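Quick one: the structure is below, and I'll ask about it shortly.
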Amino acid sequence: MSSQDIPEENLPAEHAGRDEHGHDAVSVPDDKHPFADPGLPPHEHRVQDVDERAAKRSERSVALLFTVSMLATVAFIAAFVAIPVDKSVFIFPLGHISALNFALGMTLGIALFCIGAGAVHWARTLMSDVEVADERHAIAATPEVREKVFADFKQGAKESALGRRKLIRNTMLGALTLVPLSGVVLLRDLGPLPGTKLRHTLWSKGKLLVNMNTNEPLRPSDVAVGSLTFAKPEGLEEHDHEFQNEIAKAALMIVRIQPENIKDKRELEWSHEGIVAYSKICTHVGCPISLYEQQTHHVLCPCHQSTFDLSDGARVIFGPAGHALPQLRIGVNDEGYLEALGDFEEPVGPAFWERG
Amino acid sequence: MKKLSARRRHPLAALVVLLLALACTGGLYAVFAPTSPAKADETAQSLTIEEGKKLYSVGCASCHGTGGQGTSDGPSLVGVGAAAVDFQVGTGRMPAATSQGPQVPAKKNIYSQAEIDQLAAYIASLGAGPSVPTEEQYGPEGADIAEGGELFRTNCAQCHNFTGKGGALTHGKYAPTLEGVSAKHLYEAMQTGPQNMPSFPDTTLSEENKKDIIAYLDAVNSDKTESPGGLELGGLGPVSEGLFGWIFGLGGLIAVAVWVAARTAKAKKS
Amino acid sequence: MSTAQERRKAPAGERVADWADGRLGIYSLAKANMRKIFPDHWSFMLGEICLYSFIIIILTGVYLTLFFHPSMNEVEYHGSYVPLQGQLMSEAFASTLDISFDVRGGLLIRQIHHWAAIIFLAGMFVHMMRVFFTGAFRKPREINWMFGFLLFVLGMFTGFTGYSLPDDLLSGTGVRFTQGAILSVPIVGTYISMFLFGGEFPGTDFVARFYSIHILLLPGIMLGLVVGHLILVFYHKHTQFAGPGRTNKNVVGMPLLPVYMAKAGGFFFLVFGVISALAGIATINPIWVLGPYRPDQVSTGAQPDWYMGFAEGLIRAMPGWEVNFWGHTLVLGVFIPLVLFGVFLGIIALYPFIESWVTGDKREHHILDRPRNAPTRTGVGVAWVTGYIIMLIGGGNDIVATHFHLSINTVTWFVRIGFFLGPVVAFIVTKRICLGLQRRDKEKVLHGRESGIIKRLPHGEFIEVHEPLSQEQMYTLTAHEQYQPAEIGPTVDENGVERKVKGSEKLRAKLSESYYGEGAQIPKPTAEEYREITSGHGHH
């Protein structure tokens, strides 16, 4: 092994190994080289190499595999034509499954697998299995080639006069640096600027809390202690064009806690007779959080397990969320319906740089 | 049960047994004690209540108090209604084996439906609450499966998973699988909110809504549910899919690769 | 005249080949490659699994584009799946339902596409680990290692953009998470989010945008990298394990034509066949039970596909740190995992360069290391995999909790602690196991293999007969190189002037010591030791 590539200072002092390493070429072990490389072992014949009957058997196996593949392809086409797309069958460990999907998958699988198995069996048993050694060649060029390349490059550089005519070089670099900017600028209209979009939701003073399930406005008497209700702002309908964007911010989770069990003063103030309305959107990364445990008043996010205590200002008691769920201040209007007393006072959903 | 057997040899086991025995004795005493205010009328209903009260005293009073007022071991049952009793006892959750553990699991129900009805009647007599739903309320007629699906995803899937396979809650609590739970019990659970599950009273989740949800579950999570693509892999989503892909997909392919690269058997040297 | 006749009679195949050679010069290519040698080992086929599943993904993906509508227009569903009748959903979701229920074979192709993606990423992971643990990343293959690493990372994102396309409730939750993570980026987070989603989340653009990223941009780059990766494999020639006749200067195996043509070509069909059968028997991503995406709905057990699982674990295990200052919020609870995601992957990508710096070895390496013979590298690798697996557990902490009846909080705490402790323990244990195996190899070379035969000597002593190893085995077990720790060079030059020892030099000496110093490897048996023992044979 040549050591010329290793700069002297970095050379791991592995001369001890040098001796063994040098035994590459030694093929007869002797006293000095007890572990010498004996070289490639002689080729041993397979059964198929010496016994024509075995070879014939292999040939038949390969042919059989290819034939099975052909049959499977025919079966695939037959299944495609014959089995209705909505037919369901019961197959024991799999359950009630689509007959077509199962038939197509199995026949295609067999058709492909048998081609592969046939080819590999052919290669393994009938093609020559004599191991051949191929020489490797150094990847790095010889010093002469290296010299030549450098000389050519210098010649080219000189002929271009790039080094001499600085003005050309500098303006060219300037032009090449600037031109990609047009590409960047073009990306501007991918979307609007954030503005205050993340700070506002559809909620505003006087908006009724509409039950997500029944689409009716909620009355305080509808909301029992221990129950869980989801609400949206009045006027937002599923068919609305902006429904997805708006519900992503406005979704509300309503629970009722005995007022004496509410530990947070502001929470109690913002509630109505113990009915509290919190944003359903997790302050961590925005999953709709709503795994409400009615005995502990804990609410858990199913995505990353942030846990909030709804009886204590929805503060975070476990998990990766950084701040409490925003609470919506609610009251009751003249007709006895629950209404919002304004928008959320802080942005809902995940925190962001400008949130403050 | 495992927990119970594990704790059998606990130093405090004897004490617990003693307390249980005392509680049972107390319960028995309560049955025979003449303190209960017997009602004057002799209708079948009051008889049922009377029977229920006896059952209650034996099986429930030790934790929930002799009059259902609740103790430190069990909540008050005043006003929980017949539906709650039918659910809790019908699914075997009550009576609970121990009050330890984060959550009382469902187990084999030890009461007959008649006894459950008696218990329910007694509890209902303590204070008004949801009554046991009728077949008409939870039956499949006229239910909108697709609507039920949307309602399920809004109200239920966050704890019970897309198709009701169950999921984790905090500190070892969990939302159980909904597979194999009868329509009646599903209805009662929604109505009464057992243990940590919030309730979904008719005022916020209408009868019709509940019916739809039950019909949806019947369509996507019962033993006749179709899984067109093949093995359902527990319906747990990417975790089980990933495991399956690694073990059977990549594992199978590596097994094939071993065969492809293996040396062919050599002829025996004679 | 006779030659002219012969030429006219040349078979059609030859004539076509001549025609092509005259224009493409294929003969010189064929001369170099037709009988190219590939060594046989099952672990050398892991890369082929990846290549073939990549091809399968492209084939099935093209088919899927024929039916999929990358649009977020809201439509009412009226297809054949009953439990979603009349529901509002995006066209993307509806068309995926149609592929699954109304296009014959559509479900199969969808499932092949997705299973192949799962296997593609899993295959790349295992392939990468094979290359890592055998030291196949050493010179001259560092660039190819980077190509492979990039393919893995791009594969992750191609997978992510792919499974987000149906716009179902599960993947939508994943996209929401991504958007939340983007928002956590200081200063530019909100801008990136607005630009990516064309406004507020979810908007009506992201499916179409993810679509062009998923089917064009990322696979295009990946295809280029795959081609480059393969060219380099051909150019460098494959590595091989040490063995009789196998040196750093040759490659021993079977020729491309015919054996490897048949084996590799056949393996493509085997891979395709296995994945097709898998898609016929096991469902994947059944979007119809997940339902269409709504930002106010969610299901428990919301996980990404496995290859994003460790990122999910990082985010789940992270405590909720948030810093507010001067009217700004630094969302460390999300941003740190985001950075760690890159750093953790980066560690393994840069490892080859770190190791080559420590060893200072500039030679080419074509003989693979057995993992035991590089204990520190193996330890680092196992530590990394341990961290990765612990984070995978963290990513599925809720499923782990429910299926092993544990508290989700306990599982999370286990992951939090395990992420720091696990790799350290794994490193130490692995290193010790490696050294133990090295010792055993040395024993075997010097004393032979334990035969299990007990012999009683004339004077009554019982001994176990040790069978000497064959020459092949002895060579194989002693063929590896052992480095000596690099020392800091002389601190005074030839003129006696003291030079300053750089910090990096000291660090390297220290690392080198821990890699190859005393106790970090078992010295190979030497010829002297062997002679001493063999000459002393007989008395015991």
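In order of appearance the chains are A, B and C, and numbering begins at 1 in each one.
What we mean here is this: contacts are C-beta pairs under 8 Å (C-beta built on N, C-alpha and C of every residue); 3 or more make two chains touch, one makes a residue touch a chain.
Nothing here was measured: the structure is a model prediction, and the numbers come from that model.
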Higher-contact pair (C-beta pairs counted), A-C versus A-B: A-C
Innermost chain, taking as reference the mean of every protein Cα atom displayed: A
Mean-CA-position distance for subunit C and subunit B (Å): 44
Separation of mean Cα positions, subunit C and subunit A [Å, integer]: 15
Geometric centre distance via CA averages, subunit B-subunit A, whole Å: 35
Residue list for subunit C, restricted to those that touch at least two other chains: 101, 107, 111, 263, 266-267, 270-271, 274-275, 278-281, 283, 294, 296-302, 397-398, 408-409
Residue list for subunit A, restricted to those that touch at least two other chains: 94, 97-98, 101-102, 105, 120, 124, 129, 212, 230, 288-291, 302, 305, 318
Residues of subunit B touching at least two other chains: 154, 158-159, 167, 169-170, 175, 227-232, 260, 262-263
Sites on subunit B touched by subunit A in the complex: 151, 154-155, 158-159, 167, 169-170, 173, 175, 193, 195-201, 203-206, 209, 224-232, 259-260, 262-267, 269
Residue numbers on subunit B that touch subunit C, as the complex places them: 102, 145-150, 153-154, 157-163, 165-172, 174-175, 216, 219-220, 227-233, 235-246, 248-250, 252-254, 256-258, 260-263
Subunit B partner contacts - residues on subunit C that touch it in the complex: 40-46, 48-49, 82-87, 100-101, 107, 111, 115, 118-119, 122-123, 126, 169-170, 263, 266-267, 270-271, 274-275, 278-286, 289-291, 294, 296-306, 309, 396-399, 401-402, 405-410
Parts of subunit A lying in touch with subunit C, wherever the complex brings them together: 1-3, 5-7, 9-14, 16-17, 19-21, 24, 29, 31-41, 80, 85-86, 94, 97-98, 100-106, 108-120, 122-124, 127-129, 131-136, 138-139, 187, 190-194, 197-198, 212, 230, 232, 238-239, 244-245, 247-249, 251, 280-281, 284-291, 302-306, 316, 318-323, 349-356
Subunit B-facing residues of subunit A, complex: 44-51, 88, 93-98, 101-102, 105, 120, 124-125, 129, 211-214, 218-219, 221-224, 226-230, 255, 288-296, 298, 300, 302, 305, 307, 318
